[in-house]
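Each of the two complexes below includes chain A, the first together with chain B, the second together with chain C.
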Partner chain A sequence: AALTDGLRSQVSAALKEGRVTPTELCQRCLALIKSTKFLNAYITVAEETALKQAEESEERYKRGQPLGILDGIPIAVKDNFNTAGIETTCASNMLKGYISPYNATVVQKLLDHGAVLLGKTNLDEFAMGSGSTDGVFGPVRNPWSYSKQYKEKSVPKSLSEDEESDWVITGGSSGGSAAAVSSFTCFAALGSDTGGSTRNPAAHCGVVGLKPTYGLISRHGLIPLVNSMDVPGILTRCVDDAAVLLGSLAGHDPKDSTTIQDDFTPFELPNLTDVSKLSIGIPKEYDAPGLSSEILALWSKAADLFKNAGAKVVEVSLPHTRYSIVCYHVLCTAEVASNMARFDGLEYGHRSDVKDSTESMYAATRREGFNDVVRGRILSGNYFLLKQNYEKYFVKAQKVRRLIANDFVKVFRSGVDVLLTPTTLSDAAPYTEFIQEDNRTRSAQDDILTQAANMAGLPAINVPTALSERGLPVGLQFIGRSFQEKQLLTVAKWFEKQVKFPVIQLEEVKRHDSGVFQHQKSASFS
Partner chain B sequence: QKLSVDVLDHLEHLALVDFRDSEGVERLQKAIQFAEQLQEVNTDGVEPMDSVLEDRWCLYLREDDVTEGNCTKELLENAREKVEEYFVAPPGNIPLPKLEERETFLQSS
Partner chain C sequence: IAPWIPVVGLEIHAQISSNSKLFSGSQVQFAAPPNSLVSFFDASLPGTLPVLNRRCVEAAVMTGLALNCSINKKSLFDRKHYFYADLPAGYQITQQRVPIAVNGSLSYSLCIDNKMSQMVTKTVRIKQIQLEQDSGKSLHDDTRCQTLVDLNRAGVGLMEVVMEPDMCCGEEAAAAVRELQLILQALGSSQAVMAEGQLRVDANVSVHHPGEPYGVRTEVKNINSIRFLAKAVDYEIQRQIEELENGGTILNETRAFDSKLGCTVPMRDKEGKQDYRFMPEPNLPPLILYDTKSLPANMNHQQVINIDWIHERLPDLPSVKREKLVEQYGILPEHSFTLLNEDGLAEFFESVVKQTQMKPKKVIGWILNDLLSYLKQHSLTVKESPVSSFLLADLLNLLEKKEISSTAAKQVLVELWKGEGKTPLEIVKEQKLELLHDQKELEQICQAVIDGQENEVIMMVLG
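Let's turn to the complex of A and B:
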């Protein structure tokens, strides 16, 4: 069976037919998490509660009353979502030891559908970054670093060099979630996406990364970065699974007044065969400086794929694209400055021992709790919000935001259904190379292709497309119309079927724990 | 234009976060420089955009019905310093010490 068949026809079917039980599935995933610990994808593994959830799921299957496709399915959640009774750290010293008193709405919904929560995944501190390298628990390693496909293409190192040193990053900031899905330790994971944080690591780790339309999925319980752009992100191994997850998560939440009130109906994706009525837009400004020739070629090949299948493929223009990263930089730091103000040590999280005054206690707490990246963004944001700077930077950025959003409106109004662009400028960089530039520079470079969609609130998805010369995943991005996820995912699914992205061959894992891996594989692909 | 110590001090006060070292200050300088590019864009007659949902939705108010609460115990659990049902804070109304008096990297600039 193909990789693209997913939950509905594989694991969920196996659970329903009793070929595998939820506890067996859970145990295998937990064992795999242990044997892939070197990836550092998980911050917290909730072994006891996961097994309990799996047992409850098993009871339901025995009674013939499963809650749906997600019943008994092991999932992972990025560590910036609140999870009741489980530590939520945002990979920061500020929240080490913070045990959430409630579940984020999206977490609650997954649990209500019977999903098994394996644990919390690693990220850049407070989701600020594009490498998943700047968290307090250390960087996440891309599972593809240990794949046969990557090792075959690597320049042979001398025996004296540490073999471990050429591992590549996952991208970020939802790197832990992407790595978890990519290495088979879970069947789906939640990420967050503010500037590309779900799509970027999805591209680097060879998984599907969906950023839903702003306002479709509740942010209640997602520790906020930029309230006007944040969305929960969905990471899965195939597009069909993303649709399943979306179905269980989308809809109005009275606890999040920024969710739209329209009714949401979960959908199954049709198997598109005729693309002749489709109009694909290719925004020329996405041929951005720094785009690798490899990815440019792949993007062109993809456009041809649609053209040869009968779709209308047109070049379009989004003239303000090159300003979106600057605009994002100002709006993001401004909202961050506001959102991070809640961390003062008084009600939760780290608290300094300083007792002289409230202000000095707050200052010391924040001094001790936040890393350079977070502090840097807070200070920048405060600068842009100073009375003398407010109009010049913050309001100006808000005006530019409107221009960016309007660019998309114009293009979609001209008859284009979906836009096709690259997701990243290149394949995953080696860690040692990535850390040579600072976080802000990297984010500015890496977010360039993804964050305009956040600016405009549009849905966007990364679909793994092919392997690069170095044997690493490269993905392409589809951007759709507001709230038209069904159309977006239908096109993405068609494309996924055409490209037949290869399965990762994890040699290291195979060596360490071949039994588990084989069973895992057979449960997914038998 | 180099940022004056006054502005940097003011920011440390507002943000209650420190620059830590010269790298921190440089980071801000670079951030401001980067943001200057916005001035290239012609925004005459363009309204600022607060939310992408501005057409679809007016921020609504719900009925003032109590639907949840009574979770004092859970909320207090995550606080380090508490007494009965109170969060305990150090004395307020004491401003952060002036630049000359507090420990900050900015003193040396």
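Let's turn to the complex of A and C:
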């Protein structure tokens, strides 16, 4: 089996038939992780436990009793999910060395399905950021920086210039997970999505990034950023794999009171051939300031693709889109200020040596444990929550949030099935350029296309579409109706089939996987 | 000098009697080893979420109904933020915007004088009842400059009962709290034992002249018994009056009651007024309660609470119990108060009545005067009484059958207190306390006495 194979269609069969074993898969991935260490995608690699899990999976396959498609599949998990016995840091000094005593529900579910947990991936500290550049373990590098496709398109460097400084960001905050999937070190990864943190890096790294409907997947064990918007995100190399992961993760969790009670039935995605009954909405407000002409053109081509295939493509309006960034920042910082209040150094995590008084210990601990981004948001959030400001900011933002959500309700009620939008304003920026602006500014810019879906709780997915002129991935986003993941993913799968996004050509991967370049697909959609 | 009108309101925190905490499954237990009843959620481990305990909601609904409140079919949870060592999350989950019950009332009775002969009924309005988390406990070790934190209590369910400032003195406050305590115990929603911290009372006190607006109020905390509540309130009223009459002002502050000195003292100032930055609790959807009319047909009954169902199953409240006692046994209302006021006394009384032919109206005297005063003298509870209802009934039967006099009965009772296992009859025989009814025998005894005291008889006859 090749590392590019789909789980349901190819890998599962290969494992069942013994053409490849879980241990082999695991070892391959671990070796690849080592040789792609410069990407800095992983914070912790759980080599011993992963190999043990692979061994156990192998036993099950030998007995002919695998637990399902995910049995023996190596996966990675963003480091803001609790993993029992494995360090969980949120890329922060506050939780360096923190060994969680329990598994997040989604982690437990993956383990119960036999998945092999390779390690914890890098992120922006406490998931605050859109570059995966602001964690204490350093920035994550986009694997495409080292791809043949990117290098070919790069301006030739003089000998004095350091090739090292040329790399591009993964986007964020789930950059580590996206890079891990993109560089074939795992078959799937968990991210989180609060304002676009799964879809944004998915777009920049050329992978599928699914944000499920709020309330579909349990947040128990996901260290929260914004409780009312966070969802666990799924990163895979194809839409079908995302459906497989979704099938094992979705459903009511008594430990999370915000999950819906309804039963969830895992589904297989049909191979859609006839799109004539489909109505695709193109929200005009998503032609946002700063959107690159390249992506605008790609978006237009995609719309034409649907039209030419017989689908109904209509322009729609989500009039409150332009207020969503400001609204998001008020609500996000307010919840952050609240959620971070528990980090006081008393029960767990970093504790300062300052001990003149409890208050001074708190203050020093939090100053030492949190980076500027986190502290900035806490201060803003506390400001908005002050009694004299609460109505003006927090309540007002909640009302605007309702308007934003209603925009979507109206559009879907008018007969539109799925919305098609860009995911990012441009392809991935070089790191040196990205850090010229501060985190807050970047987040405000980059979240514009993704975070309205979080405000409304809707499912959304990034599908890698084509390579930019610089040879970097560009993705497009589909936003669906509440809890209609099956429809959303079916459309996404059809689109994925049409665009035939190219496989990344990485030296390191070539060495570890003989099968990759036999399946090389030419870029047909740029 | 113009008269002063004292105004007293109360904030009462009652610990809910439940197996597990309000939002987590760890156990609720008094005096367990430190930090042995702490779940991941209680310790505020990152990523943990609250899950509402059904029993706690039922307790709050019961209490609301017993206090004549409107039960809000939709209530909300909020976060109240402040930093303190015993509050692991940095916020408490409470109900600030829309609590579970509002607009109720509590009737309580007071004696006009000290003799329990005349009782007057008063009412205090209940502003609201809200569900909220208890905090942990912190102990300050000043010698070693450290604070010891025990989180066993962190997250235990509380009902905060807010009583409007309808009371005017310590006695009223104490009586109101006592009645609330009895109600909670009758419902079983809280064991309400103040000594174990299951019932905590903060008093809000102010004074003003008639016709003028209410004065600045102070909050009095650290009140550990009902007796101290009355003392603390009365002291604070007096202090405020004196302060104002001397031209001073009252600060809107929090004061602690010092039970040793019998006064209130300002508590350590926590940097002025706190802004709690209330925010809706995003991890808990609104709490929806149903009644029989609004209950959807196909709901899983494990997942819903029917207010009417709870209402139908409320046990007799103390006021009803008292009425029944008065009606059934013909005792005075004041007697019924005393019976219910002492834990187990009403049951003891009824048990004795069942086992004796003596009329309840007479039995009550033995219960309230003899038994109770002895228990009080020796600081015993009814449960600890060396004289069981069986023994007392036995004794009263002897009295009723006129086999002994009432004086003799009292003597037997003294003997029974020793708890040596003798029956009343045995004691009567031992001490020769039987009443003699035989005329001839009596004459013989009298004659024998007279015969033996010749000199005294002559003195008496001579005058």
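In this section, the second predicted complex is superposed on the first by the 502 of 526 C-alpha atoms of A that agree within 3 Å, B and C clash if a C-alpha of one lies under 4 Å from a C-alpha of the other, contacts with A are read in each partner's own complex, and residues count from 1 in each chain.
We adopt the following convention: contacts are C-beta pairs under 8 Å (C-beta built on N, C-alpha and C of every residue); 3 or more make two chains touch, one makes a residue touch a chain.
Since this is a predicted model, take the numbers as computed values, not measurements.
Asks: Applying the touch criterion given at the start, work out whether A:G221 contacts chain B, chain C, both or neither, answering first, second, both or neither.
Replies: In the superposition, A:G221 contacts chain C only.
Asks: Taking the superposition on A as described, I'd like to know which of chain B and chain C A:N82 touches: first, second, both or neither.
Replies: Touch partner of A:N82: chain C, not chain B.
Asks: Of the two partner chains, chain B (first) and chain C (second), which one does A:P254 touch, if any: first, second, both, or neither?
Replies: Touch status of A:P254: both partners.
Asks: A:E335 in the overlay: touching chain B, chain C, both, or neither? Say first, second, both or neither.
Replies: After superposition on chain A, A:E335 lies in contact with chain C alone.
Asks: Tell me which partner touches more residues of chain A in the superposed arrangement, chain B or chain C.
Replies: B
Asks: Applying the document's definition of touch, where does A:P101 land relative to chain B and chain C: first, second, both, or neither?
Replies: both
Asks: By the touch definition at the top of the document, which applies to A:L7: first (chain B), second (chain C), both, or neither?
Replies: neither
Asks: Which partner does A:V400 contact after superposing on A: first (chain B), second (chain C), both, neither?
Replies: first
Asks: After lining up the shared chain so the two structures overlap, which partner does A:V168 touch, if you call chain B first and chain C second: first, second, both or neither?
Replies: neither
Asks: What is the contact status of A:L419 with respect to chain B (first) and chain C (second): first, second, both, or neither?
Replies: A:L419: touches no partner chain.
Asks: Of the residues on chain A, which ones does chain B touch that chain C also touches?
Replies: Chain A residues touching both partners: 101, 228, 254, 257-258, 261, 337, 344, 346-348, 358-359, 362, 382, 386.
Asks: Write out the stretch or stretches of chain B touching chain A in their complex.
Replies: Contact set of chain B toward chain A: 7, 10-12, 14-20, 23-24, 27-28, 30-32, 34-35, 37-41, 43, 46-53, 56-57, 59-60, 62, 71, 74-75, 77-81, 87, 89-92, 94-97, 102.
Asks: Given the complex with chain A, which residues does chain C contribute to the contact?
Replies: Touching chain A: residues 40, 43-52, 79, 81, 83, 85, 88-91, 147, 149, 275-279, 282-285, 303 of chain C.
Asks: Using the touch rule from the top, collect the residues of chain A that touch chain C in their complex.
Replies: Touching chain C: residues 81-82, 88, 90, 95, 100-102, 104, 219-224, 226-228, 254-258, 261, 334-335, 337-338, 340-344, 346-348, 358-359, 362, 382, 385-387, 390, 394 of chain A.
Asks: In their shared complex, at which residues does chain A touch chain B?
Replies: 98-99, 101, 214-215, 228, 254, 257-258, 260-261, 320, 323, 326-327, 329-330, 333, 337, 344-349, 351, 354-363, 366-367, 370, 372, 375-376, 378-380, 382-384, 386, 392-393, 395-403, 405, 438, 440, 444, 456-457, 482
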